[in-house]
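Listed next: structures, encoded as structure tokens.
In what comes next, chain A is part of two complexes: it sits with chain B in the first one and with chain C in the second one.
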Partner chain A sequence: MIPYTIERRADTGVNNVTLGIWLFIASEVMLFGALFSSYALLRVSAPIWPHGFEVLAVWFGAANTVVLSIMTALILRARALDPRAARRLVVAGSALAIVFLLIKGLEWRGEIGNGLVPSVNTFFAMYFTLTGLHALHVIAGLVANAWALMGASRVGEAMTMGRIRSLALYWAFVDVVWLVIFLLFYLT
Partner chain B sequence: MRIISTDHKVIGLQYLVTSLCFLLLGFCLIVLIRWQLAFPAQPVPLIGGLLGDANAPRGIMLPEFYTQLGAMHGTIMVFLAVVPFAVGAFGNYLVPLMIGAPDMAFPRLNALSYWLYLAGGIVMVTGFFLPGGAANSGWTSYPPLSIFASAGQTAWLLGMFVLILSSLVGSINMIATILQLRAPGLTMMRLPFFVWAQLVTAFLLLLAFPPLQAAAVLQLMDRLAGTSFFLPSGLVVSGLPLKVSGGGSPILWQHLFWFLAHPEVYVLILPGFGIVAEVIANATRKPLWGYRAMVGAALFMGFMSFLVWAHHMFLTGMGPTMSAFFQVTTMIISVPSVVILSSLLLSLWGGSIRFTVPALFALAFLPMFGIGGLTGLPLGLAASDIPLHDTYYVVAHFHYVVAPGTLFALFAGIYYWFPKVTGRMMNPLLGKLHFWGSFVGMNGIFLPMLIQGLAGVNRRLYDGGRTYTFAGPVVHLYSGQWWSTVLLGAVQLFFIVNLVWSLVRGRRTAENPWESTTLEWATTSPPPHENFPSPPRVHRGPYDYSPAGSTADFLPQHQP
Partner chain C sequence: MTTRWRRGVSAVAAAVWCAAGSTTLACPVCFRIEEGPVTSGVRAAVVVLIGVTVGVLTGFGVFIARFVRRAAAESEP
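Up next, the complex of A and B:
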């Protein structure tokens, strides 16, 4: 039996799962940090860089910002609830994450239909790469949500709440990345 | 033993066997290269006909095949052999035992990490069977060349992406295990230096690898979706202007690549330091000299390794201000290496050294890494780096660090912990033959490289530079390097035979044959599932050899 999977270790003040998810987020910060740095470097050296609000569907982006933020708020709230209510909020949040993906898919379809594909210019290359990678994170989060919900009866309430707490941190990170994407691509 | 196991010992052994196979594969590729350099335009003996007409018609290798061999040798050795060997095998097997834990913090993620590594490695190597062969743009995959390379480069990028997932999962697991699962009484400053080295290594893997993952995604987009992240405007290929949007930066790739690849150097060396420290403390029967300074140096080295990457890029025209910054940080980062190496050297002072096989490898590590480190200093200063850049001098420098450096440390570790894993000893005579043959062979290959590099021979020339007059005085060295390669390969047979033979027939040994102090020897050999019959409690630091005021030769950590 591995110690400290649920209870905290006194000298570090965390359990294994919490430490693990923070380490994971640190690594993700480096991943997206490298991509945003690349964005900055390519943008400042570009002779022309389109304004996102002129070439992208800002309303789609804004709607998605609202959807993903509500989703994150729900799952952050779930941390403080009893296990049954928490699971219901995770289900509701997952539904919103699916809505996010649907909106994103519609938006991509419109852009590709207008010939705005990654090879057009570096703006769209970056846009598709970052939103695509972000969407992969949303999909991964949905898989993790489903895994936490389906494993709930097997691993018990304490473990499930630990997983939901970790998922909440993950979703908050995914939301922050989206906010940066929204700012960099849609609003400037 | 199940194929898919979550026991850290099984996973460690899976890593070991797989990484040893890749090590052998990487070595075979370099044997072909050394043949070509020594005897250009002569058919490869014995296996020349098996290489295929696309690679080596009538057994004579083509330049296109030569570049694949170079690129894949580097990639396989760094990413598929040495790092999984040092971190995956040694870290996985030993860290939980050394900290008195039943397993890693996340056993299932541990298994996932191994299987991702295997999958990534296979994807990368399948490049050899794709049209156009394996990746051939150097282990650094610099664009624009890599963007136009054959399909093998796509396999390289996909494989790298999967490997980085594997190392991400593995490093999270390692850090969580070391911080969370230490046995009662095992404070951080009582950890064996090996565990500290693995901890810092895991942080480097965690934080340095993702930028290469980002870079791999961008290069995949350039290759598959027609983007121009790394393609500048106005590029002309084969006389035709390229039809891409342009505006990208090849230098950006170099930044992202080296932001990983310099910390990677410390990923390669730190576990080596850790193993050598354990073996030396044990062989000298003395506490390590300067344990606290070594821990501090490892932490400082890990931190600084994120601030030196552009010393690989002095030739990109970065300007004197940037170059001055990276020269200064590079000189600073040599200090912690010197601290660790000096501490290990001073640990020998006054010891009554037991010259066992692991001790021989560990002792040889010290001067070999010393040569590797000191030859690096001229490369860290732009003025001397500019003429030496991309010559065999660079190749000799980092091979001294990794081959007779890290690999010797890893071999020391194999001979040292083999009785832990199997309950049997390896044969010392075969071990000594393996050691002396490897020592002579490696120096016979890498020492002449320093001379060739100083003469100005570029590292990637298919004919070894014979078309250039300045290479004239040094090309005859290639044949000596070939025969050293033959020797090096031949003595590895002693190692392989020893490994297999000792597994079955090796002398059975006592629980603690090296009379060691650390916790991995506080259980049976091999250890049972969940490692310890009852959780151990730690009462002292890791190196209580020849303790003052006691008649005992050593006091184990778990002994009250």
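Up next, the complex of A and C:
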């Protein structure tokens, strides 16, 4: 059994939680990598591929890019603060993640209302698959944030800060995936 | 794995490679189609997936190398 410790191990240089989150992120990279590979296949082999900036609401995408980047910066900043201030930043970050989901929901509503559904073409099939999977990751991150905040009084400050540090890695990954999606779907 | 065993496996792999010829190299999606949109698409997809896989494996390699270095430093008297 792997002991639940928050101290850095001398042999690895990281604690078990950080090592676990890195392994999880590696598996997530492979998941999104397979989908980006499918995107490359469909895009290169398609005779016609629409420009994202012509069919999507780029302003929604740009707003979401700003929101998610600020959110990630807040959580990354929280790692270096005292536990109370760190928890406040996680709350603020969670609020921004909810804003991201609301903007995304508005964007999807407009697209679906205009008949731009996954069955229209492979562009929209990939768009809804990747943005949908990404949104699920944002929801999972929100659940994890709530779990870390609600368990803070029970597990103590040291363990809560360990969880916040792991969450920061996760949110940085979610932000990078969004930047790639924004580049591939909205700007090209 | 012994040297003899390794040589045996290499010889069998070489024999299969020579006997099978182009069939072993052919992609089941673009079989016998040298150029075309589907071939280009499959090629791009493979490049992306190889890039992602190499990136992840490089990360694992760096992690493992770091562990080995630290473990060696720890075991030194």
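Quick notes
Here is the rule we use: the second predicted complex is superposed on the first by the 184 of 188 C-alpha atoms of A that agree within 3 Å, B and C clash if a C-alpha of one lies under 4 Å from a C-alpha of the other, contacts with A are read in each partner's own complex, and residues count from 1 in each chain.
FYI, a contact is a pair of C-beta atoms (placed from the backbone, for glycine too) under 8 Å apart; a residue touches a chain by one contact, two chains touch by 3 or more.
Computed from a predicted model, the values in this text were never measured in an experiment.
Of the two partner chains placed around the shared chain by superposition, chain C is the only one that A:V44 touches, whereas chain B remains out of contact.
Residue contacts after overlaying the shared chain place A:T188 against neither chain B nor chain C.
By the touch criterion defined above, A:N114 reaches neither chain B nor chain C. By the touch criterion stated above, A:A34 is placed in contact with chain B and with chain C alike. After overlaying the two complexes on the shared chain, residue contacts for A:T129 are found with chain B alone; chain C is out of touch. With both complexes superposed, B is the one of chain B and chain C in contact with more chain A residues.
Contacts of A:A10 after superposition on the shared chain: chain C is touched, whereas chain B is not.
In the superposed model, A:A26 lies in contact with both chain B and chain C. The interface of chain A with chain B overlaps its interface with chain C at residues 12, 26, 30, 33-34, 38, 41-42, 45-47.
Of all residues in chain B, only 101-103, 105-107, 168, 171-173, 175-176, 179-181, 206-211, 213-215, 217-218, 221, 225-229, 244-245, 247-249, 252, 256, 259, 530 touch chain A in the complex they form. The part of chain A that touches chain B in the complex is made up of residues 1-5, 9, 12, 14-16, 19-20, 23-24, 26-28, 30-35, 38, 41-42, 45-47, 117-122, 125-126, 128-129, 133. Note for the complex: chain C touches chain A at residues 37-38, 40-49, 52-53, 55-56, 59-60, 63, 66-67, 70-71, 74.
Here chain A touches chain C in the complex through residues 10-13, 22, 26, 29-30, 33-34, 36-47, going by the rule given at the top.
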